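Going by the order they are written in, the chains are A, B, C and D; count residues from 1 in each one.
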Amino acid sequence: MFYEDRELNEECGVFGIWGHSHAAKLTYYGLHSLQHRGQEGAGIAVTDGKKVRDHKGLGLVNDVFAPKDLDELVGYGAIGHVRYSTSGGNSLANVQPLVFRSQTDTLSLAHNGNLTNAEEIKRDLESKGSIFQSTSDTEVLAHLIKRGISHTFKDNLKAALNVVSGAFAFVLLTENELIAALDPNGLRPLSLGRLGDAWVVASETCAFDLIGATFIRNVKPGEVIVINDEGLHSDMFTTEVEPAICSMEYIYFSRPDSDIEGINVHAARKNLGIQLAKEAPVEADVVTGVPDSSISAAIGYAEATGIPYELGMIKNRYVGRTFIQPSQELREQGVKMKLSPVRGIVEGKRVVMIDDSIVRGTTSRRIVQMLRDAGAREVHVRISSPPIKHPCFYGIDTSSSSELIASKYSVDEICEEIGADSLVFLSPSGMQEAIGRNPAMKNCGQCMACFTGEYPTHISPETALPHEKDLLVSKGG
Amino acid sequence: MFYEDRELNEECGVFGIWGHSHAAKLTYYGLHSLQHRGQEGAGIAVTDGKKVRDHKGLGLVNDVFAPKDLDELVGYGAIGHVRYSTSGGNSLANVQPLVFRSQTDTLSLAHNGNLTNAEEIKRDLESKGSIFQSTSDTEVLAHLIKRGISHTFKDNLKAALNVVSGAFAFVLLTENELIAALDPNGLRPLSLGRLGDAWVVASETCAFDLIGATFIRNVKPGEVIVINDEGLHSDMFTTEVEPAICSMEYIYFSRPDSDIEGINVHAARKNLGIQLAKEAPVEADVVTGVPDSSISAAIGYAEATGIPYELGMIKNRYVGRTFIQPSQELREQGVKMKLSPVRGIVEGKRVVMIDDSIVRGTTSRRIVQMLRDAGAREVHVRISSPPIKHPCFYGIDTSSSSELIASKYSVDEICEEIGADSLVFLSPSGMQEAIGRNPAMKNCGQCMACFTGEYPTHISPETALPHEKDLLVSKGG
Amino acid sequence: MFYEDRELNEECGVFGIWGHSHAAKLTYYGLHSLQHRGQEGAGIAVTDGKKVRDHKGLGLVNDVFAPKDLDELVGYGAIGHVRYSTSGGNSLANVQPLVFRSQTDTLSLAHNGNLTNAEEIKRDLESKGSIFQSTSDTEVLAHLIKRGISHTFKDNLKAALNVVSGAFAFVLLTENELIAALDPNGLRPLSLGRLGDAWVVASETCAFDLIGATFIRNVKPGEVIVINDEGLHSDMFTTEVEPAICSMEYIYFSRPDSDIEGINVHAARKNLGIQLAKEAPVEADVVTGVPDSSISAAIGYAEATGIPYELGMIKNRYVGRTFIQPSQELREQGVKMKLSPVRGIVEGKRVVMIDDSIVRGTTSRRIVQMLRDAGAREVHVRISSPPIKHPCFYGIDTSSSSELIASKYSVDEICEEIGADSLVFLSPSGMQEAIGRNPAMKNCGQCMACFTGEYPTHISPETALPHEKDLLVSKGG
Amino acid sequence: MFYEDRELNEECGVFGIWGHSHAAKLTYYGLHSLQHRGQEGAGIAVTDGKKVRDHKGLGLVNDVFAPKDLDELVGYGAIGHVRYSTSGGNSLANVQPLVFRSQTDTLSLAHNGNLTNAEEIKRDLESKGSIFQSTSDTEVLAHLIKRGISHTFKDNLKAALNVVSGAFAFVLLTENELIAALDPNGLRPLSLGRLGDAWVVASETCAFDLIGATFIRNVKPGEVIVINDEGLHSDMFTTEVEPAICSMEYIYFSRPDSDIEGINVHAARKNLGIQLAKEAPVEADVVTGVPDSSISAAIGYAEATGIPYELGMIKNRYVGRTFIQPSQELREQGVKMKLSPVRGIVEGKRVVMIDDSIVRGTTSRRIVQMLRDAGAREVHVRISSPPIKHPCFYGIDTSSSSELIASKYSVDEICEEIGADSLVFLSPSGMQEAIGRNPAMKNCGQCMACFTGEYPTHISPETALPHEKDLLVSKGG
């Protein structure tokens, strides 16, 4: 699947740094490396020990920040956020970090994930007179903290973290500390690094590489890390934890140069391709992958089968946000954007097309047809993950979950639907094995919810949309 | 080498269409697929049979055209252009198509290549009272036509085409015809296609694929093609021709999904990699290519040697024109942009790094260092073309020709300079063979000037900059 | 004094309309006519009976709204706001109407004036867990309403209006009603009008003229007016009222074509000029006024004295927000912006220069000097209001109150300071008489605070800045 | 008539400076003061003695220049231009100064006026192979110079100035000199001033006042002034001159603070009002002028008649280029822009409304109606110039000349058409006398063409549009 046409959309990437005189600039660079996790909005909040400043906007990191914006973000501690969001008139209010200024202090907050009980909490707080400034689920955490009954910020935070449920990798910034916290299942990745004397946290380790920081360790499920001028202090807000990191982070979301829990994403994908070759070999002339996220799996598949790996299609870069889409009439005449087949490679060939997942099936159908139009004799589709049958409530855009093709059709039916000569998905166990996380853990420590409906947290029926209730397989149920 | 950091820059891509009611829109899409040939400016001129309209601007095709701009470009014939240009206060005047409006008619003109005698012609015309509106060499053609003594436009055009020398793939548009013309050496690619009843010309065939057009044939060296409502008419402005297409089109410039003279670019590059494996094998653990243009050669090298191909480095997409560059201080601290190494892949490994060319050597040195910093045990550099020792006068930016590392140093010295464990360039004959053009022709029909100094046209000493004269090996000399 | 260089700045203008299918567009036009009351930001909120939409931005009304923005503001009830604000990184959050969306309903709020006890209320509410989204004093009203204990919105609103003190002309919009409310002193103007069947409220009647509406009556001090589909309903939130409208509205802020409490502003200003002629005649050749706000008084002064009124200086229009200011060096060489003297008029003449007020004195000094440089033989300054000696806490920017020249110097000293040949201010009683409001009321129903220090409401010492406490003459004290 | 709704539009203002280290910045300020002469485009060209740089754009001076643009315009000699132009896709090419760069030198050119034989010259030059880059008449001068047969630039310039005819105030800039030239009738104003050691030329003297320069003298009809490092040199390109400055410069175009030929524009307008009072008194209660250009005449009329001058209508400032116009429906409901009546002033009154001219009559009708709607009992219109009956070929936009109401109707008919109670125009002789130029000269040295059809230059029939030929009264010459 290629990034700009993602049918699955995750909500965010977060970054934080403490103890560097160029905190905002390094956050800017860090956000660049996380840009694939959200292209709709970006923001940075920074503290100089006395005052929290922030700058946010809609669009790419590049578009949001001008040099003078960064220059004005003076300080040595910062957090940043890139966001995927459904568009909307007022969406600037939802761009993070959310910043809450009171007469005495400022709290800034950035979140990757999704809180599954946010609406219930919000309803309760509004009935008590609270006013929310955004429609983001993230904001409830701030209100819970402010209404906390302890005299210390950290205790109120820990209490609040125990009230919210779902998936959350939080970074918080006040005038004098940076805080990172991860949900009890560790559903989203969050890593800790060092850059000289400074501490860094980021959704993905590629952000460390880009700024020259060194990976130290992952933030633990249930952990809250407080970093201030006195150093780093780790605490647990709960020890009832059960690691279940989102499988799709390996399969599709994260950048190939990131390591998640010690496993390189490109290597994991290549293994998925190798495993797929074992489970589903086929006689063919060339192997090709859908750019960008399926290239690694395609290389693995080719290596394992001995069929040559080729650039069977290439992506049209430069198709930006302001691109003028072809009309229906022109599309029917053959104008295509984003992906072009390489006729010289596929013409007359039996092609294995590797993709990382199938969501609605429309993209797959389009690509298969495009390869055939370019002269492919056969098109065999191999998917480096199991069929996605259940909605995600942990931060993946489920707006289209009713359209999950695998929740309605069998593999044979999907094969016919997308027009392939054959179609095989990777097995759930093959996937777990290929990624290679801890076999001693349940599901090897991976969240399998979208494949099996087994959700690691409780999902209240009201969270699910009506049509989704059938797809919901309750935890432990 | 990766596109956005090109050390070699070509000047343009051209596109033309005749006989389609959405001429401007299809040109817009066509220019998108040629965007890699020039990111500094873009323009479209269109005719409805009565009036020529145009719209041009600085930046990417995306940035230059808003929907209403395209809507206003009404007509059934159009030409378009994407441009690489050195920046400058007045550069909008140089964005093509150049449009010349007189009281009686309009001539629009787009050019890929470089005229080697433009300055001499211009000096002569200015002394006769002509005023030039741009600093572009292209404009001389219009003045030569306007001062022609024949009563027909075509005869004046043919006369003018015989006066200019160098590399040129021209498309011209008047109120009632589209014209394409190619220099006697065919130094730049130019292809002819059909889309239903409409005719299409483009610098690369990938533009045909994107709009659903069918490739018909290449424009011939010395040919001038006139397309109007009565159909297509071919003529030769000279038959003293000697095919010598720019080798770098195969090696680096063109898109992998384009075919040039019947040879697919990705396939040619993969062959270059295979040939390179034959000429320069090495014991190693992984093969990696510099994205984007060296990926194909790397795949070929891996396939031929059996060493696994891996994503040893990845490109940071989203680093746009407005990107805020890291300061020297931050760069020294390790902040890097554009390319990131994949530590999980290269750590502890012996890496073969494939690149398509070395110009100044600075990028190569940076990449080698980056791989070592990420833990590579050995870095063996293999280049899928011969050393570039001589300036190009045919449309490649020679501003840095004085800095051509291979014109000053031996291969061993370059190896040391870039810090590699070993360095091998492909041999000239190996390159010709791998690309696979007509062995019956001189140099297999390829221009070898930048490698050997053998220029297919006469280059007057004044064209060359002082420091370049030493590098100049005159034709037939 | 001329608008763009105001040394006194008021905070806002408000507008509201109910019952018109083009509610947002008419609000846009209404805000245009109130643009002189605030150029820093503008916004509109609109309801279609089900949903409240809003659009806001920094800059002039013109800059903030594009046609599509207005088109998206569908509905038949609307409020709007233009704002003066001190600039700042986050000031967009302060642009009004403030919009508060809860799960059940939406409240939108626009305010002209200043609440003198906002900080105390805010401190109290934050200690109870409320989070404020802006630094605007206006927001406290929304929180007070939301925490109200009644079951009806109106009762909670009335309670809240009794808690806040200071100057306030509020317009509020919910899904299904428009509300207007005025403080017990009526410190800011607020008028009610009709446009066909629709109701309109606005800070100034010029907004009615511009949209073709008819003036009905002024909103009364202490009144709250609720307008919904059932019509208009008037109520009082308090009857402890004492009219004391801001004198500066007549003297300087309001547009000359507005009527305030039945008195035309231009006519009032002309009367101030006539009165000034009576109190302070002088032998001279020409009378001139500082554009734009002092023209009317100058005409009155000329008419009463028989000295010809002339354009002694003219304003450079087109000096917009992005204007590049001359450097100190160029200013010293004589480059001047905003005002130009008309040499042909003032050269060799004895000039009476009428201005409406003196705040810091720097502008006056500059103008006197400019007239002398243009050849004026004598410059007699006449001010159509008394000396401003005390800070305003009711919505006028008091940031510079420490610099009020009249709080530190005598009239003679000021005359010397600004370099005039003579200087006379209008007397307080002359001012009251000339404006011509109700002589039966205390101070004729005008607020005299900035002239006399007699504040119509209680001002707590903490509201005043340290240096201002000396200037503060407490009410009834 | 008010500037932003001008029914007559002049084409330009020019500015030049030589010998000041901030040449570009001072030109920027100078253009500001000339902004009323053209709001559609602006540009500056500057020389540092070696290189001519330029920056141009569409829109107000404010919009066209950012600080960095000015910073890049390094040099001590500069020319600038503000332009009125009919909008059009390609109009940037017409924004002046036009800049012509050859291999040896650069010529930059700015023009106020209109050449009446440009089309004929252009046709001739194109037939000889010249290519024009703009559709501006100004460009012919450059081509004539370049094709000149003399060896000196100045002689070729003088020859060219003798070929073009019509109205022209030119400023030219080369690498090493600034040149100013005026047509033999001096139809457009052009003045010479000094700023320290630097020389300044400008269309109006208000530009001198703004930058602190001193007026020296007017450029003479037929004069060419060359300024370079050796000083100022004056020459005549012809002595067949007959002064005939455009009357409308006094009546309407120029700024009231400018002096033209030693006469202050405000004073001239006031005299026109006084003369109008003598010729056309009326019983009335108030005199009011249409802002901005008729205020001076209204003051004169009031002073002479003793009827009080009042602000009977005021202009809505802030109605900028991006203003969203009210729909027809809203206009019919009474929404008005630009001008508002002051009801408190005109209600129940007999109003004398002074305007400077009537072109199509539509604006006058609208204003009369607006005053009546605001309650005026009678509206007497007095125009401070004679009826405009003939098209202008000297730089005033004649696009609407077919619609000149006075060319088709008698004064009585116009009175009825605009709905006034009475209407009187000033007499031609009264106008000449009131402005007060040299009575010894023909028409007192004023161009009367638009009033009488007596054109000071030859107008070839082809210059006039078909419908205009009837209006053309050929120069008896």
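Note that in this section contacts are C-beta pairs under 8 Å (C-beta built on N, C-alpha and C of every residue); 3 or more make two chains touch, one makes a residue touch a chain.
Everything numeric here is computed off the predicted structure, so don't read it as measured data.
Of all chains, the one whose mean C-alpha position sits at the greatest distance from that of subunit C is B. Averaging Cα coordinates per chain places subunit A and subunit D 62 Å apart.
A straight line joining the Cα centres of subunit A and subunit B is 37 Å long.
For the pair subunit B and subunit D, the distance between mean C-alpha positions equals 50 Å. Across the assembly, chains come into contact as A-B, A-C, B-D, C-D.
By the touch criterion given at the top, residues 3, 22, 25-26, 28-29, 32-33, 35-36, 39, 60-63, 65-67, 70, 195-196, 206, 209-213, 255-257, 259, 263-267, 270, 295-296, 299, 303, 308-311, 313-314, 316-320, 322-324, 326-327, 329-330, 333-337, 340-345, 374 of subunit B touch subunit A in their complex.
On the side of subunit D, the complex with subunit B involves touching residues 53-55, 72, 89-90, 92, 99-104, 119, 122-123, 126, 128-133, 135, 142-143, 146-147.
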